[in-house]
Structure formats: C-alpha cells, structure tokens
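Have a look at this one before I ask anything.
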Amino acid sequence: MSDKQHHAEHSHEEHLREKHLMLDPLPRGKMNEMVMEAMLAKPTWKWWLVFSILAAIVAYGLFYKWGILIMKGQGEAGVMRPDYWGIFLVNTVFWIGISHAGTFISAILRVFKAEFRRPFTRAAELMTTFGLVQAGFSVFMHMGRVWLAYWLFPYPNQRMMWPNLHSPLTWDLLAITTYLLSSTMYLFLPLIPDLAMARDRSTGWRKNFYKILALGFRGTEGEWTHLRHAMNIFAFAIIPVMFSVHTIVSWDFAAATRPGWNSTIFGPYFVIGALHSGMGAAIAVLAVIRGTMKNMSYFIRGEHFDAVGKLMLIISMGWAYFFFNDYMVQWYGGDKWTQQLLHFHEAGPMGWMWFAMLVCNIVVPWAILWNPKWRATPWLVATVGLIINVGMWFERYIIIPVSVTINRMPFTWKLYKPGIEVPMSIGTVALFILLYMIASKLIPLIPVWEVQEGQMAHEFKKFGRETVVTVSELE
Amino acid sequence: MAEKVDLLAVFPDLEPAANAVERLRALGVHDDRMNVISGVPVTEAMLGRAPQWTNVPRIAMGGAILGFGVGVFLAYIAPFLYPYPIQVSTQGFVPGPPTAVVLFEMTMLGMLLSTFLGVFLESFFPNYRPMKYLPEISDGKIVVFFECAYAEENKITDALKKLGAESVRPAEAQPL
Amino acid sequence: MSEQFSRRDFLKLAGLGAATTAILTGCGPASRYVKREPYQQMPEYNSVGQSTYYATTCRECAAGCGLVVRTYQGRAIKAEGNANHPLNLGKTCARGQATLHGLYNPDRVQGPSTGDWDSAIQSVADAFKNYKPGEIAFLMGMAPDHLFDLVGDLTAAAGMDAPIRYGALSMFESRATLSKAAENLFGQPGLPWFDVGNAQAVFSFGANFLETWLSPVAYTRGFVGLRQSETKLRGVLVQFEARMSATGAKADHWVPLRPGTEGLVALAIGKLASELRGGATPRIFSGVNPAEAAEQAGVELEALEAMAQIFASNAVLAIPGGAALGQSNGLETAEAVLALNALSDNFGKPGGVYLSALAPNQTEYSGPASTEEMAGLVEKMKSGAIKALFVHGVSPVFELPAALGFKEALANVELFSFATFPDETAKEAKHVLPDHHGLESWGYQRVATGVSQSVLSGSQPVVSPYYNTRATADVLIAAAQLAGGKFAEALPYKDEVEFIQTKLAALLGEGDGSFSAPDAATFMAYFQQYGGWFKNSNALIAPDGSGALNGSIEAGEAEFAGEGEFFFVPFVSPTLAEAGANKPWLQELPDPTTTVMWNSWIEINPATAHELGVEDDDVVKVSSEFGALELPVYRYPAIRPDTVAIAFGQGHTAYGRYAENRGVHAGDLLGARFNEAGDLAFGGVKVRVEKTGRKQPLSRMESIMGVYGVGLGGEEH
Amino acid sequence: MIRPEEIKMSAEETGKWGMVIDQDICTGCQACVAACAMENNITFVGEVDSGYGRSMHWIRIERFWEGEYPEVKMTPQQPMMCQQCGHANCEPVCPAFATVHSQAEQLNLQVYNRCVGTRYCANNCPYQVRAFNWRDYQRPEPLQNQFNPDVTVRRMGVMEKCTFCIQRIHKAQDTAKSEGREVRDGEFTTACAQACPANAIVFGRVDQPESLVSQLKHRRHGVKHLEELGTLPNVTYIKGG
C-alpha cells in the first residue's frame, strides 16, 4: 500500500485513540500515578474557600435551622391546611431521584456492558449514597416529632405494636433502607482493589487508612473471583431495588385519595423522572471532576459526555411520554376536582413554574442534545444537566405543595408559602457537594482496574481496508 | 526428603505469565502449589488454570431465603402479636398487596447483605497479617507465587527468565 | 344529665342558705368552695374524678340564659345550657360557651386600685357623704339584675337619681325605639315579643334576630319553629336590610333596601297587599305611592309586588328592629312595621306580636336608657351637675360613640369602676373596685324578653373567686353602712346574699311557680339548684293594636350626616359584641358571615370595590363627619353597592392582651343624632372611602380561592 | 397472641354513633365551634396562624355564595367535622398506627401519643377536617384551669381531630353499666350538639332504627358528603327544607 493510504490509516487510528479512553491505553502504573496525584493534590486556597463556604452553609442552613425547626415545630415551615406536605418531601423525592443515576450507570450499564461507563461508575455510585443521605435528612425534617422517628422501625413497642405495614410510608422506610445499604455496599466492593492500589503507594496516616479499608486485598485469583461474582449479583439485584424505591415513593402520592395524585402511571413516571434528574446531576458532577481535578481529562472525555448526553435525550423523551400520559388521562377523566387542579397548575399563581418545568425538562434537552458536537461539549451538557434538575425539582414542587392546594373541600384551599424550608434545602445541596469534595480527597474517584480491564479488551481489527474497534468479552 | 522453597516470578504481562504457569506445571509444580496475583481480574481460563470455586452465590441465595423469612414474619406473623386486632379502614387484618412489597424488600436486603458478607467470608477479609505480596502488582504486574523443591530452584528460575520473567526470587510474607 | 347532678348536690346546696353569710365575707367553708388543687399529674395523663354541676345565669349578654357549669376540683371546666331554663332550654350561643375564657382570662383586674378593700369601701362611703345626692349617678349594665334593684333602693332612699342601665347592644337593637313605638301604638309601654316560631311568614325589617337582636338563642328557636313544624307548612322568612346579616342569609328572600326607607317600604307593601286582598285600603297606607317607595328604596317595584303577594297570601309577622330603627325616622319606621301586623290581625295571637312578659318581681316595664338619655348624663357630667359616677357592668368609654364625648366628660367627675376586666372605663377611673366574674357571683336577673313565661334567672358562684375581687353589692352595702344615716337604712343587709334572699322572699307565697318552698332558705336552695324561678303559665301581654291601621304615619325620609357617597351600616359582631373581644376563643371564631377572625374589616360590594380600585385586604380610609378609620376591605357580595358595613366589637384601647389595639371601633364614625325615641341614629351617617395603597391580610376561615375564586387563575367565579 | 377468630373487620354500611346535621336550620352562629373548643381543650393559634390555615378547629362551618347581587344567596351553612368514616382514608396510611378504627365504637380513633407527625392522614382526608399542632401554642395563666381533665392536652407535632366527644360516650357507657342498662338514645350528646341553639346537630346511635338520628336520617332526605368516594361517613347532612 502507498504511504498516503498508510498515513490516512494511521491518522484514523490516532483519531480514534484521542476520542476513546479504551483505545488509548497507558501503563497501569502511569494511570495509578495520575489517579493518586489527582487525589493527593494539595488543596488550593480556592478549594478551601469553597469548602469553608459550603461548611458554613451546612452548619447554618441545615443544622442550626433544623434545631430551630425541632424546637419551635413545623409552624416554622410553610405547611398548613391543606398543604400538610411541603418542600421537605419535595427534596426527599428529588434526592432519591438523584441517587438513581448512580445505580443506573454502575448497574444497568454494567449489565449491558456499555464500555463508556468504566471511568465514572464510582463517581456515579457516590452520588447514590450522598443523594440518599440528603433524602434521609429531608424525610426526618418533615416529621412533626422527629425525635420519635425510631418508632417507625420494624420492632415492637412495649404494647407489642409493630409499625403499620398498610402504610406506604412504612414501605418507603424499608425500601430506602434497603437501597441505601445495598448501594453503599455496591460502592465499596469495586473500591477494594483501588484502595489496595492506594495502600501500595501511600505513606503516613493514609497508608493505615487505606490498609484498613483495603481489608488485606492482594488480587489473588480467589479474591477476584469472589469479587466478580458478588459484583454481578449486585449489578442484577440492585436494579429492581432501585425501581422499587422510586415506585414506592410514587405510591405515597398515588395511593392517596386526592385529585391529581390518584394515578396508576405514577410509578414509572417517577422512575423515569428520577433517572432524568439523576443523569443530569451525574453529568454535571463529571464536568466538575474533569474541570477541577488533575489528569481527569485523560479519563473523562468528550465521548462520555456524548454517550451520557444520548441517554439524557432518550430519558427526556421518556419523561415527556409519561408526563403526557398522566396529563392526558387526568384531563380526559373529567373529574371536576382534577379539572380544577389542572387549570390551577397552568393558570394558577404557580403557572410559571409549570411551564418552566416543561421548558427545562423537554425543550432545553431536546434543543441541545440532538447535536453530536454540542453533546460532546462538557460545559454545555453539564449546564443542560443542571437545568434538567431545576425542572425536575419544579416537577416535584408542583406535584406536592401546589397540587395539594386543590382538594375536594374548596373552603380550605390555600397556597403554600415556604419558610424555613428554603435555607434548609440549600443546606442539603451544600452538604451533597461537600461530601463530594471530601470524597475526592479520600478515595480514588476513578476505578483504575476497571479502566485497565476495559483497555485490555479493546483492540483494532482490520476488515479489508477498514480498521475498526473490537471488544472482547473478558468475563 | 527434599526441602521446599517459596519463589515468586514477576511478569510484565498476561501472556508470559500464562506460559509460565504451563511451564511450571510441566516442570512438576502442582497447580495448587501455584498462586497468581494480579492487579486486574485475569480469569483462570486466561492463565490456563483450574476454575476457582466460590460460595458467594450460595451465600447470597441463603441470605435471600433468610430475608424472605423476615418478610414473612413482618407481614404475616407480627400482626398476630398485637395486643388486640388493629383495624385500619376496612383493609384486611393482613393486607394483600402490601405484603408483596415487604417480602420483596426484605428478600433483596437479605440477599445483598449476605452477598457482601460472602465476599468477606470467602476471601477471609479483613486480614492484616503479613502476606506474600509485591506492591508492583497493583501497577499491573502479574506475579506467580509457587513452591518447588530446593534442588529445582535454579532450573525453574532459568526457565521462567526465558519466558520473560522480570525477576524470580524467594517470596517472603511482608506487611501490606 | 346535668340536672341529675345538681339534684345530687341539693343537700349540699340546701345547707348553703345559712352558710352563705360567711362565704361572702370571704372565708367560705370548704364544704361550699371546693379548693383548687394543683393537678397531681399533667392533664395529659387524664386524672379522673367526680364533676360537680352548678346552675347559674350567663352574664355575657343581657338576655339572661341559664347555664349549668361543670366544675372539677374547684375549677369551672365547661359552661353548658341549663335544660330547665325556659329561655334557652339547655342551649347557649358562642359567647356563653366562651364565658370561661372570661373567668380565667389572664388580664382580669386582680384587686382594688387602692390595694385593700377597706380603703376602697371607705372611698365609696366618702363619696356618698361628701357629694349631694343629686351629684351622684349610677350607670349600670343592660341586665335588670339584683344589683340594679339594690342600687335602686339605695338611690331612692338617698334621693339620688335612679340608676341608668345602658349597653351598646341596646343601642344597636334600638330597644327604646321599639318600646316607644309599642307605647304609641298600643298605649302601653313594653318590649315587643315576636312569636316567630308559630308564624306563617315573617317580614323582618332590619331585625337581625338570629345573631344579636334581643335574645338570639330564643329567636333561633323561633326560627326553627318557623322553618320546621309538625303542625304547619314551612314558614317564609323575608329580610329587608342593606347588608346581608346571618338572618338575611337564612331568609328565603333578601331585599336590600336603601337604609332609612324601611318604613316607607313597609307601608308600600302594606298598601299593595291590602289592594291584593281587596277591600278598602286602610288609612295608614293612603299616603304612600309604591312606585315612588321602590324608587326611593332603590329596589324594583316588582320585588315589592312579589313580597306583597307573599304578604297577602299569609298571616305575616312583621318585625322592626336593628339598623332600620337606628335612623332619624326610626320611630316612624318601627310604628309602620308594627302596624303591618294589623293587616294579618295577629296582635296577641300565636305567631303574632306580644309585649314581653314581666319578670316575677317586676311591676312595670323598664328598659335600658336610650342613647339620648346617655347624652343627657354626659351633659350633666360636663356641666358639673354630676360629680361622682359609679359604673358597673358597662364600659361607656368603649360602648358609647366617641362623638358623645363621654370620655372627655369624665374629667369632671370622680369615677368609680366596678369592672371585672381592665376595660377602657376602668382605665379612666379614679377608683377601681373589681367585681367578681359572673361565675363567681350571686344574683338574680329578670329575663326581659324571649320567653312566654315570667322568668327570674338565678346566679350563684360556681367557683371560689380567683382574685381579690368583691361583689359590688357587698361593697355598696358595706359603704352604705359605713356612710350611715339614710344610706345605712336603705341597705340594712349583712351582705348581698341576704339582700337577694329578702327580695326572693316576696316570691315565697306566689303560686304557679316552677317550684315552691316552705321557707326562704329552702327556696334559695331550690333557686340555686334550678338556676331560677319562673311561672308555668304564659305571661305574655296581648297588646291592643286595634287602632293601628287608622293612625297616619309620615315615614319621612331619613336624614344623613356627612357628604360621603356611601351609607354606613355598623352591625354588632355576634361573636364579640361589646364585651367578647378579650376572650381568645371568641377572637378565633370566624365571623358567621365573612369568616374573618381576630380583626376588623369593611364590607364593600365587589362592584363598588372594582370602581374604587380596591381588592380584598387593601386598607382603605373610611371617614365620616365625626371620625375616620383605616381597615382592610372584605369584598362582600351581599351588600348594596351604595353601602359599606363595619362590625362593632373590635378596636379596644384597653381590655386585655387579646382585645387591645386589635381592629377598629365602628362607633368612631358615628355622630350624636337621635331618632324621636332617643335612640342613636347610628345608620344616619354617610361615609367616604379612599384607597390608602397599603395592604393588610385578613385572617379568614374560608379560602378566598375556593369561595371567591380569587387567585385560582382565570376569571373569578 | 391474637387468635384468628378474634379478628372481625367491620365494613358495615352503618357505624354505631352518628350525626345528622340540618343545614336548613343551621344559622352558622359558631356556638358548636366554641363548645367544641371548650370541651376538647382545643388551643387557639392567634391571628397570623389562623389566617394561614393553621387554626385548630375540630369543627368548621362552611358556606359559599350563589348568584350575583341582588339575587345573591348564601348557600346553607355546612358544619364540617370528622365524618368518622366506616372506610376511612386516614387510617391505613399512618405508619405508626396512630389513627385506627375502633371496633367497639366504630369511630376513627386518634392516638395522640403514638403520632409522629408525618401528616399523611390529614393529607389523605377528603374532608380536610384534621388539625395539626404546628407549634406549642401558649395558654397564659390561668387559662389552663379550664382544661377538661377527660381530654388529653395535645402537644406540638401531633395530629388531632373531632372524636365525637368520645370522653362523653365513655362516661355515659360507664354510668349505664353501673346501672346495669344500655345507654339510652339522647341520654348524652356531643358538645356541639348540646350547644346548638337551633338543634341543627343531632347525635346518637345510627345502628338503632328507633333512635332520633336514624329517624331523621330516613324521614328527611339526608345525604352524605363525598359519598361517591366510598368512605362510608357517619355524618348525614340534610340540605333542603
């Protein structure tokens, strides 16, 4: 063949290498170094500034205000008749939604062997755990007598009374507990080899820290086998758990006798909504990691934003489908209270939020994510992700405090005005980011061994004149 | 009665390691006198070794059954322990559909917890005793630990060197 | 249930007649006054015990309903209606229910202003001695009770002016006008009693008898009879008033008349009806032209004709009252409306008009003073003719329109207040000698109206006095004896209870009573046990209205003070009225028509509000010739567009934490014009309404969204 | 340990205790509301909170408007309190069994000290008649002397609602028991019915055909509010004359 052809051939491969992490292998040692470097990098003053601001917000907005709420009662919040449920439950649903993306990426994509997942499964799994922490906080903020929250755990009181298993809230408690535990374990298992890696190349307190966490992992055939099996079981089993969690959350509403809530589509509608906001949050997190941490542009590339962008587009369409499904049936039913409610959504004082929701959740993603170039632009996709989260928060706000304004007793209708919820909600957001900042300094955010495994499996293959990428099954 | 020695051979890559395993077998080192440690999950098949035995799936199954049992207790037995029959609305004393939720969640919880536990049991975690290990492993090196007769040490060392072993030396347990 | 309990207590009570003396001088035997023990545990842990029930009389308004108060460990726990009491037959209104929030009000006067009672009583005695009899005046509440009799005896013997009874309610009810009209029409004074219960149809001209008028509980019972009776068809209720009251809301027809034209309309309807019935038109109607009347009243002639149809085909009970009579032409209106009853010829007949029964120990009707008489009193105070004023059971500073200048006049008199609560008058008083709360006091009260029988309602302490207060009767008796001379002779009693017993002794011989007793002590015990004494027979007075239709009434146009474009209808808040504002739960009760809580509002027709460019909760400035107020708007769909209304009850400047500086005082807009009967023409004021631009959200029970469609999006509905 | 035969879920059409409310004669005078507050230690919440839908009324009187001036009419006043549903939406959703169905009295019980304040019951009540203690509302000295010792004083974070004056029901039953008889119809009544000057509220045994409530219910065309939801309410409303 001529040089020219050969050169073209060559540059094509080069091009593919730049694009795909999996085709651009580095020696394991190098990658380890890069990850360690990113983790051990000395925090800049900027980092400390952000850190301390967030810490202050958490201390004041979350904990101090929560103290006030507990001392003075729910009257500090905006709840009343008929809006007995307010922003705290909006946040609960929102954060549980966020947590779903982690599982989706690290479980569903794993099951379907979507290779692009490899570098950011961990970042996503962290989101699950941290998100659930916020969700848990929010649910307890909501309770009128939170100091008695333990009464809801399944154990008998002195009169041999157990919690009421008829109540969707009890199912919630079981489901969320299951989900929190299993997603945390699922975060830890694949972390073990990387902790071992960190153990091998760190000194001082970190050495002991990682030594303890790594549990003495060496990488024998046996250890790898047990780990692989366990991770497979998790990957498959945690998916139904994830679906059950948000479905049950949706039942808190769907099971109630209220116009606008009593809908059979709520289960899947909530699940897709969760993924919608979750993916948005995940991509934003990736963009931040890539932008702020050393060496991350090697691991997290345009291809990943492109891939997640596609998912976001599909999920957005799914959400639109379910939304319309719900709306259509509610509208067609013609129940006078539901009619009243739909009218209130669109034309009422919160109408602006209803339309903003549609713009953020449908218009924006569709307008931007169809374009491969834009999709591969980290900051752009991340922005879309954040906008989607705003939209999804609005959606939950409309479903809860706005919808309960309208009930079958017009004499009681009242519009909800948030009070202490505002600083406390900001507090949960701050805590979420804070946890990420801490995590980024303590655990390898990139599962190096998974990346290497992937790189081992990829290779170029010539079909006649065309060089293509092939992936071989390693398991 | 020949003395035995513990050796380790460091390989840069999978291919030579696999060959080495083959060679060692040929040289009369029995499979269960060998142990391959790697930084990535290299399957037994790749190394041409006998498939590993793991109980994790069984433990998981056991946990699932246990969890289901807890679910059954909560849903069907606990109500009968109440001080008096508690009625809510006109729903059955033991509600139908909700029990399914409880059974499901408890089963899953049991299964996943025990899977996690299974890994610990099977690989004797946590374990902080000194062990035969090389930090290079997590840099992608593949290390074959094996035990052979003192007399054969040099012969095997040469053979492995030929196969691309970066170094072959006695293995000692060291704190990780 | 309650009476069983009080019977069970009979023996205890019987022993009482003797014991009382001791009690009222302060140191009661434990057998009578159960000690207030601290709850051993928090009430949360629900300590169980035996309750005791005492019958007494409700002092929240002057109607005189019987109560049975449940007490527990010396605490009054719950006020319930006395089922034996003929006036209310076991029922109570909201104010009666909340009486306990008066008893346990955190802002009561806890002792005499002088610190100890001796010096306080001394000061009263000094006043008796130092001032000439003519220079001393007694101003008392509306209720014709034992204290009124006692003071009556005192003043009569000492040659002072007879005590004056007054209350804002009597002003808004226009009682003086009613009795005057009755006198003019029937030739005998008295408080008309309208037998709503047995009527076929009721035409009420401004009488808000379901909320506050005369005896709401009794009239509500009447309304039920009108609506639902086994013996007759469902009666029709027609309400003529510019602003829909709760009575108007229950009416089958609500006819919004321009204020001051009620009399005219009454005559017009009478004329149309008598024409419909055929025969000669009575002389009284000859003057009126229905078309013009409708024109003046601002309603369609058809509306009047429709009402006339109803009138012609039913025996109609026509009731004049409230706002209709609070006009310069109020007396003519009252007479015109009363005269209508002659068309149905139902004077002194079931379902007709009676004069209220006189109470057992009452010889002739004596109503509360008219506001004009109060003005006279104020004059005397100003001129210095009166130097010492004793006030009990009323707070003139609050209840009289500021325009009368009572407060200013106080500068010239030595004021003695017997207030239980630190009201506006007590604040001005030199001496405050707090009386017990009604539930801590003895007494009896004549039931002025509302019942066919002749009723004397009894009061007794249901709990021991909570503070260092003292019964005014005791104070006066003590003071009189201290003053000696004719004072001492006038009140030769050991104490209040002896006085009451003496008065009741007169009834001992009377037959036809609800009970009879061999001796005074037993009578007293029964009296306490049953909560009063009443005759079993119907004691209503059938008036002679024969001449009613032959008179001629010139229902002239009402005069209005001020240039404002709106008629002004002040109405009594049924839950607060003149003395309810300091009871937190009364404040938290929604107003029956607007559901507003804890504040004042001005009612404006939505159309008018639109013209003025004001929305709900917009604060407007309402000004009359006599004063101005600023308060938020309530767009009230059932008020004439040319009329605005404000409830009377808020706007206290004293009277405790729950009442103080809350809302506005409707009386501040009123002038000092009177109708011919001397009642205040409180409806005779025109006001101007201006937007201030400020907003003040009203607390409403109702949802402004759900009820008025405000803020739901789209057009309101 | 409960034996299966002890369990009898009641889903009868009629409960045990019930009310008939005659909107034709209710004048909206609020006497029932005041009586309820006095009997049941209901706290007052002040101007701001009561305006913001936080009033603790166990019974409220609803009214709407029809038509335009001058043909405007106020719809018949409608006292609204807990309907003591036979099939109550509030009960199953409470995670703590704080609101359960009394098999003995056929009432919706509210167990204050079991309530953790999720407010699901109130959210799920189609009649919106539940009141939540949003704060620890203060009753200055000496107002608490008026507390009814038979009724629990509720604290912050607890849900409450009309109980049909269950303390009176129990008292009457105890009296009857001690006299070895059944509770007689009309022997006692709830605070609201007792106060009502118009007798618009009547309380009694709906399961006894000869009782006054049953009579009224059937003689006059009574309707049940939101009956279409299948909540089996025990309060019957008589709308027209």
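The first chain written gets the first letter, and so on, giving A, B, C and D; residue counts start at 1 in each chain.
Rule of thumb we're sticking to: contacts are C-beta pairs under 8 Å (C-beta built on N, C-alpha and C of every residue); 3 or more make two chains touch, one makes a residue touch a chain.
Because the structure is a prediction, the values reported are computed rather than measured.
Peer 1: Of the other chains, whose C-alpha centre is the longest way from the centre of chain D?
Peer 2: If we average the C-alpha coordinates per chain, B ends up farthest from chain D.
Peer 1: Looking at mean CA positions, which chain is nearest the middle of everything shown?
Peer 2: Smallest centre-to-centre distance to the global C-alpha mean: chain D.
Peer 1: Count the touching C-beta pairs: is B-D or A-C ahead?
Peer 2: Most contacts of the two pairs: B-D.
Peer 1: So what's the Cα centroid distance for chain B and chain D, whole Å?
Peer 2: 63
Peer 1: Taking each chain's centre as its mean C-alpha position, how far apart are chain A and chain C in Å?
Peer 2: About 68 Å separates the centre of chain A from that of chain C.
Peer 1: Quick one: report the Å distance separating chain C from chain D, using the average Cα coordinate of each chain.
Peer 2: Chain centroid spacing, chain C to chain D, equals 32 Å.
Peer 1: So what's the Cα centroid distance for chain A and chain B, whole Å?
Peer 2: Once rounded, the distance between the two centres reads 30 Å.
Peer 1: Which chain D residues sit where two or more other chains touch them?
Peer 2: 52, 60, 62, 64, 89, 92, 94, 97
Peer 1: Please list all residues of chain B that touch 2 or more other chains.
Peer 2: Counting only residues that touch two or more other chains, chain B contributes 79, 81-82, 86, 88-89, 91, 95.
Peer 1: Provide the list of chain A residues touching at least two other chains, using ranges where the numbers run on.
Peer 2: 161, 164, 166, 409-412, 414 - these are the residues of chain A that touch more than one other chain.
Peer 1: Could you please write down every pair of chains that are in touch?
Peer 2: All chain pairs meeting the touch criterion are A-B, A-C, A-D, B-D, C-D.
Peer 1: Where on chain B is chain A touching in the complex?
Peer 2: Per the stated touch rule, the residues are 14, 35-44, 47, 49, 52, 54, 56-57, 60, 74-75, 78-79, 81-83, 86, 88-89, 91, 95, 98-99, 101-102, 104-106, 108-109, 111-113, 115-116, 118-120, 122-129, 131, 133, 135-140, 176.
Peer 1: Under the definition above, what is the set of chain A residues touching chain D in their complex?
Peer 2: Listed in rising order, the residues are 72-75, 79-85, 142-146, 148-149, 151-152, 161, 163-164, 166-170, 173, 252, 255-258, 404, 407-412, 414.
Peer 1: Can you list the residues on chain B that touch chain D in the complex?
Peer 2: 79-82, 84-93, 95
Peer 1: Quick one: in the complex, what on chain D touches chain A?
Peer 2: 49, 52-54, 60, 62, 64, 80, 89, 92-97, 114-120, 122-124, 126-128, 130-136, 156-159, 226, 229
Peer 1: Under the touch definition given earlier, write down the residues of chain D that touch chain C in their complex.
Peer 2: 22, 24-25, 27-31, 33-35, 37-39, 41, 44-48, 50-52, 55, 57, 60-65, 68-70, 72-74, 77, 140-153, 155, 172, 187-188, 191, 194-200, 241
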